[in-house]
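What follows is chain A paired twice: with chain B in the first complex and chain C in the second.
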Partner chain A sequence: MKTLKVTELLGTPVLLAAEKGDELSKHIRNSLGLLTRSIEVDFSGYQFLSSAFLNHAFGQMCIDEEWDVEKFHRTIKITGLDEDDKDELSVALDNAQTRLRMLKKGIKPEELFERIPA
Partner chain B sequence: MRFYGIKRESLGQLGVIGRQIQSCQGGCVELKVEFVRPYCVAYMDLVMQGENRKRVLKLICTNPQVNRYLKQVGFEYLPKRARMASPFPQKDIIRINRFNGKPVDIESEVVAWLTDDVKPFLPEVTPRLWKKMVSNLWEVVHNGILHGESEAGVTAAGQFYPQKRYMEVAFYDAGHGIAKPVRAFLSKNDMSDAACITWATQLGNSTRPMKESAGLGLHLLREFLNLNGGVIQIVSGNGYYGAVANLPPDIQTLRNSIEGTLVNIRVNYDERLYRIKGENL
Partner chain C sequence: MAVVIDAIDVVKNKKRLPVEAFFVDTSVIIDYLDPFSRSLEDRKMAKRNETVREVVGLLRNMGVRGLSTITVALEYYKHLQVGFYRAFLPVSKFDPDDFKDRREKDPAFMQAWEGQLGVFKKSLTKTFPLQPPTIQVEELMKVFNGTVADFGDFALSNDVLHRQRDMRCIFSNDADFYSFPDDLFLLTTFDKVIKRAREEGKLFAGET
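Moving on, here comes the complex of A and B:
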């Protein structure tokens, strides 16, 4: 299985900006092909990670590819994340699933918030 | 537990100060105050930046101690003739920092500022909690830059008060504020600024494009402040949101409004070691 080492690829242990998530996502998509159906993404050596980074790196991929969480984990093996950031990843993937379901049903997100007091 | 609060009316007065600066006809504004807090410094820095793009405008205080303080925090619009009191202990000051540019370009700068300038004034936190706090505080700056759409970016300033044993750090952007995108997103034109801020502080709510998901990114920071007895205050437009420890948030409409969004955070300095729930040492 091919391994992408995130901190080497992005040249930094600070993974906060959403743009860096986009960049990682591009690398992953470029590496996945007909012959490479799964890939390891190794985070070892990182310092800081934001939810925006994870949403752009992985959440968006799930939406674009219409992957469920199982398909995501079959395709992308995440290593080197600490426990808290594994939780953040789960939240990013769950949010992507929610938004994907909304998109498929044609639901506008604002309709979910109709009961907000003015 | 004792809380030291900044009255919401004081935050509301910022709008008055801002309008007086903007309407000043001469080349120097005189500020009659006995002291200024970091939120006021951050606010005045951005307002003065905006004015100085159009003309040369200085700001002077009648109180020489305030002039000295402003000079030490790096406020660059003091006139040379400003009367100064004796210097304050420099070690208690968190100097003005302007974050401007694409988030990806300022990321390291924000981390360095938090680590070198802010962290020394926080109570002891585990490395694991610190990582999460950095990503939360990053979201505050990031939201200011991204959502504020302000060309001047975000100004941050802070101060440690050793006798009162707390520190304050404030972030201000002069952008379009929280309410505009929230109203547009929810199609609710009659929603008050205060209700918009409240909506934006709830976990998972975001006006970012549908494909993304995030609130103001303050969830873990709020939990930390709850434990610490700290405070977070947000002013945007004429909306005010203030949360003290575990008490229900104070949500109000202020008499005066400001442009953009101000976030003020107060952290008590105590001897406890803060860690993430369930974290083993």
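Moving on, here comes the complex of A and C:
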């Protein structure tokens, strides 16, 4: 199985910006193809991680590809994340499923969330 | 007026803080966790998430702890519960009875809710550990008049102001906290509050 080392690929152990998540997502999509059905994404050596990074790296991929959580884990093996960040990844993947349901019902997420009081 | 601490300036220039800990308000927890992945559509939310994560992470590296209070935990839980229900179904109105039914009987709902609760619990035990309350209830109800700040913010400030001096700091981007007493430090990334504090001589200068 091919391995992508996140901190080497992105050139930083600071995984905070949504744009960095987009960048990782592109690398993963470019690496997956007819002959490569699954890939390991290795986070070892990272320093900081944000929800925005996880959403843009993985959540958006699940929405675009219409993957459920099982399909995501069959395709992408995540290693090197600490336990708390694994929990946050699970929430990002669950939220992507929620987005898919909204979009299939013709509901724009930004409109629904605008009406949730902080 | 509270003494304002420019959070970005402090972490970028590694300035020594006048406090050993700070208490987060509800909006900072929302920005930190982005519980409904709003950063997918909302670039401002993504930026807030990135900034709060960086500030909290760097302050932790500097030995400054992030803490929370029960009033903030309750406010955040309500936000989580209502937002999760409305997003999951998705519907525009929160139905508390249906929420209770689903958390006991709907497997997909239960699983996703458990995931949210797991992060909620870890955030309030590890990232921003809950502290025993110090609220002076009688004083709180006597002084609160609803014109200066919301009740939640008022309760948070009452709690923090009754702690030892090196813990009297609130991390918030809500300008209302600026109007609280001198005894309080307001850690913020909100540029308008920082600018006003600078003009009024209430901005913490600090030492590197």
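Convention: the second predicted complex is superposed on the first by the 107 of 118 C-alpha atoms of A that agree within 3 Å, B and C clash if a C-alpha of one lies under 4 Å from a C-alpha of the other, contacts with A are read in each partner's own complex, and residues count from 1 in each chain.
Everything that follows uses one rule, which is that a residue touches a chain if its C-beta (ideal position, glycine included) is under 8 Å from a C-beta of that chain, and two chains touch if they have at least 3 such contacts.
Keep in mind that what you see is a predicted model, and the values were worked out from it rather than measured.
Student: Please tell me, clash or fit, for chain B and chain C sharing chain A in the overlay.
Tutor: Pair status: clash.
Student: Using the superposition on chain A described above, determine whether A:L16 touches chain B (first), chain C (second), both, or neither.
Tutor: Touch partners of A:L16: chain B and chain C.
Student: I'd like to know which partner A:F48 touches here: chain B for first, chain C for second, both or neither.
Tutor: Both chain B and chain C are touched by A:F48.
Student: Examine A:T7 and indicate which partner it touches, taking first as chain B and second as chain C; both and neither are also allowed.
Tutor: neither
Student: In the superposed arrangement, which partner chain does A:S25 touch: chain B (first), chain C (second), both, or neither?
Tutor: After superposition on chain A, A:S25 lies in contact with neither partner.
Student: On the A-aligned overlay, A:R101 touches which partner chain: chain B = first, chain C = second, or both, or neither?
Tutor: Once the two structures are laid over each other on A, A:R101 reaches chain C alone.
Student: In the overlay, answer first, second, both or neither for which of chain B and chain C A:D84 touches.
Tutor: both
Student: Figure out whether A:Q60 sits in contact with chain B (first) or chain C (second), or with both, or with neither.
Tutor: In the superposed model, A:Q60 contacts both chain B and chain C.
Student: Given 20-28, 38-46, 74-82 or 182-190, which one is the stretch of chain B whose C-alpha atoms run into chain C?
Tutor: Clashing stretch: 38-46.
Student: Need the overlap of the two footprints on chain A, from chain B and from chain C, as residue ranges.
Tutor: Touching chain B and chain C on chain A: residues 14, 16-18, 47-52, 55-56, 59-60, 63, 84, 92, 95-96, 98-99, 102, 109-110, 113, 116-118.
Student: For a test of understanding, state which residues of chain A touch chain C in their complex under the given definition.
Tutor: It is residues 14, 16-18, 47-53, 55-56, 59-60, 63, 84, 87-88, 90-92, 94-99, 101-102, 105, 107, 109-110, 112-113, 115-118 of chain A that touch chain C.
Student: So in the complex, the part of chain A that touches chain B is made up of which residues?
Tutor: Residues 12, 14, 16-20, 47-52, 55-56, 59-60, 63, 82, 84, 92, 95-96, 98-99, 102-103, 109-110, 113, 116-118 of chain A touch chain B in their complex.
Student: Using the touch definition up top, name the residues of chain B that touch chain A in the complex.
Tutor: Residues 102-104, 107-108, 110-111, 128, 131-132, 134-135, 138-139, 142, 185-188, 190-192, 195, 199, 204-205, 210-214, 217, 276 of chain B touch chain A in their complex.
Student: Spell out the part of chain C that touches chain A in their complex, as residue ranges.
Tutor: Touching chain A: residues 26-27, 30, 32-43, 45-47, 49-50, 53-54, 57, 79, 82-83, 86-88, 90, 92, 111-112, 115-116, 118-119, 122, 126-127 of chain C.
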